[in-house]
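Common to both upcoming complexes is chain A, partnered first by chain B, then by chain C.
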Partner chain A sequence: MADEAVFEFLHMEMVAHIHREALKDEKDQCISKLEALGFRVGQSLIERFTRECSRFKDELDTMKFLCKEFWGLVYKKQIDNLRTNHQGVYVLQDNKFKFLVQMSTGKQYMESAPKYLAFPCGMIRGALSNLGVNCIVTAEVSAMPACKFQIQIQRN
Partner chain B sequence: MGTDQNRRRKVGLFPSKAAAQGSGNSIPNKNCCSALSRTKFTSQFSDSTVKMTIYNFYLFDRNGTCLYYVDWNRKKQMTMSKEEEFKLMYGMIFSIKSFVSRLSPTDMKDGFLNYSTSKYKLHFFETPSGLKFIMNTDLSVGSMKDVLHQMFSSIYVEYVVKNPLCSLDQPITSELFKNKLDEFVRALPQFAVKAGT
Partner chain C sequence: MAACVAVIAKENYPLFIKTIPTENELKFYYTVHTSLDVVEEKISSLGKNANDLRELYLGLLYPTEDYKVYGYVTNTRVKFVVVVDSSNASLRDNEIRTMFKKLHNAYVDMLCNPFYKPGDNITSKSFDNIVVGMLQQD
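Take a look at the complex of A and B:
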């Protein structure tokens, strides 16, 4: 659909732009910049998506909302696998992640994949922070286009 | 001629070796350049008895850079290097396109579409953005314009344009694109490897 393509291309160019404009010694800050962008976007998105929803019963419910509704609204599909150790660590697995599907199936381009996952990680973190859950989100890719997002809840 | 009539009679009954062997070189009145006229002499034969083949495929961008080349059934190797072959192909296509439009006796609708020789047929498709899809097939194939168009929209756009790691003016390195294109072409009804190759 036309609207999906706009966001995909914008995201592609955003990643390329940030990496191009970064000076030599700031290369490692690119990922954090992208993540911060995603954080802000996630915060606003979650306000919009939960307009009609009631409060969540517990953390697990929040996670399920993230996997089903949020993912469905943003990437037009649901998370394929959610695992937890009930101690505050959740692993979300998406077997055909939107931004990786057109890149490759298998091993090609794997080194560049993390760049394109920074923004989605930030989005998850922003969405959860506005739902009252502070966490750290990381992503890993073992075989394209599947990827895993690991969410670690911070309790203090 | 006798063989021609025999072939036509046999076509309806069972697929005969004669039909498979003929690569169209005994059909009289074959035009070399069927750029403007759309008549296809080979469509007299039903598709189920004639094996069609796709030889190779080139993809050029607007500036003449060859973005992709692949061959499946190439019978004769060129005496020149790959770079020279690409330059020659691009230059030839560019010139033919311009001749066709300048020498046209009527108003032109699509411009240059394909040319046939006695052994192969070259199909051409250009997108509005200047991307040129060129495919060589044997003579029994009809129009490949829709096939090339589909190759553009469902394979090139999906796996090259939407891939942030593929830059649009460089040769294509994405394995996914190569595999999808190969799969697509092998699944076409026009791609049937001739027995004995």
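Take a look at the complex of A and C:
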């Protein structure tokens, strides 16, 4: 219980700090910085979490692991909806995303919501990259506190 | 115990190799390098029994006249290779498995160190100590 709150507060302060300290012309780098932070964390986390489980059969298996166990271990809940077009695009929908739950629902804070999604996006990207899947992760908020993460697998 | 322990990254370059001090260490390096082929073959074997594909421990990769080589692959495609002396017949499968478990745990702990950049050579002292513990000849 306490450890969830600690991380939430740390994350909020991290976002606030990076935006506060950014110089005038570096404002657009804040999101990238947060995403890069999340990337490294995701890499280490996935190494720890996949220690005991058996190997994944295919990409869909990996995504299911991400939605159920990874999300469960980090945010203490599972992804509510996973959709795919079977051509490398996956959409993960979380109806009560951890970092957005504390903000009031409604339009007031919708503009600042993406700042809080940069770190989770980076975490997903880091986790997948360590599992051998290169991808681009973006997030969007349609209605607080629900959000959608779109993962685009890059095949080459 | 083991004669040589190696950790290989997912791009198939070595992150860490340590051998017992002998006069011909290069031979171990070659053995580890050739074992990579066998590891790749085992991971990607199609049409095999589904159970085998889900195990992390690969087992005996191949025996040479003096040595036996064991392999282990993590979900993040990091490979651990252990070469043991054939004359040490008392080493059972279970002991090799525990050895790999210890290695895996040590690797995970080291990756979580924020000063370690993934993909760099492993220079952590505690990881080194754990490996040296496994290499002690008795």
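FYI, the second predicted complex is superposed on the first by the 156 of 156 C-alpha atoms of A that agree within 3 Å, B and C clash if a C-alpha of one lies under 4 Å from a C-alpha of the other, contacts with A are read in each partner's own complex, and residues count from 1 in each chain.
By definition in this document, a residue touches a chain if its C-beta (ideal position, glycine included) is under 8 Å from a C-beta of that chain, and two chains touch if they have at least 3 such contacts.
Since the model is a prediction, treat every value here as computed from it, not as a measurement.
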item	value
Side-by-side fit of chain B and chain C on chain A, or clash	fit
Which superposed partner A:16 touches (first chain B, second chain C, both, neither)	first
Chain B versus chain C as contact partner of A:105, first or second or both or neither	first
Vertex chain A angle, Cα centres of chain C and chain B, expressed to the nearest 10 degrees	130
Nearest-approach distance, in Å, of chain C Cα atoms to those of chain B in the combined model	26
Chain B/chain C common contact set on chain A	none
Sites on chain A touched by chain B in the complex	5, 8-9, 12, 15-16, 102-106, 108-109, 112, 116
Contact set on chain A toward chain C in their complex	40, 43-44, 46-48, 50-51, 53-57, 130-132
Residues of chain B defined as touching chain A within the complex	158-159, 162-165, 174-176, 179
Contact set on chain C toward chain A in their complex	10, 43, 50, 53-56, 73-77, 104-105, 107-108, 111-112, 114, 118
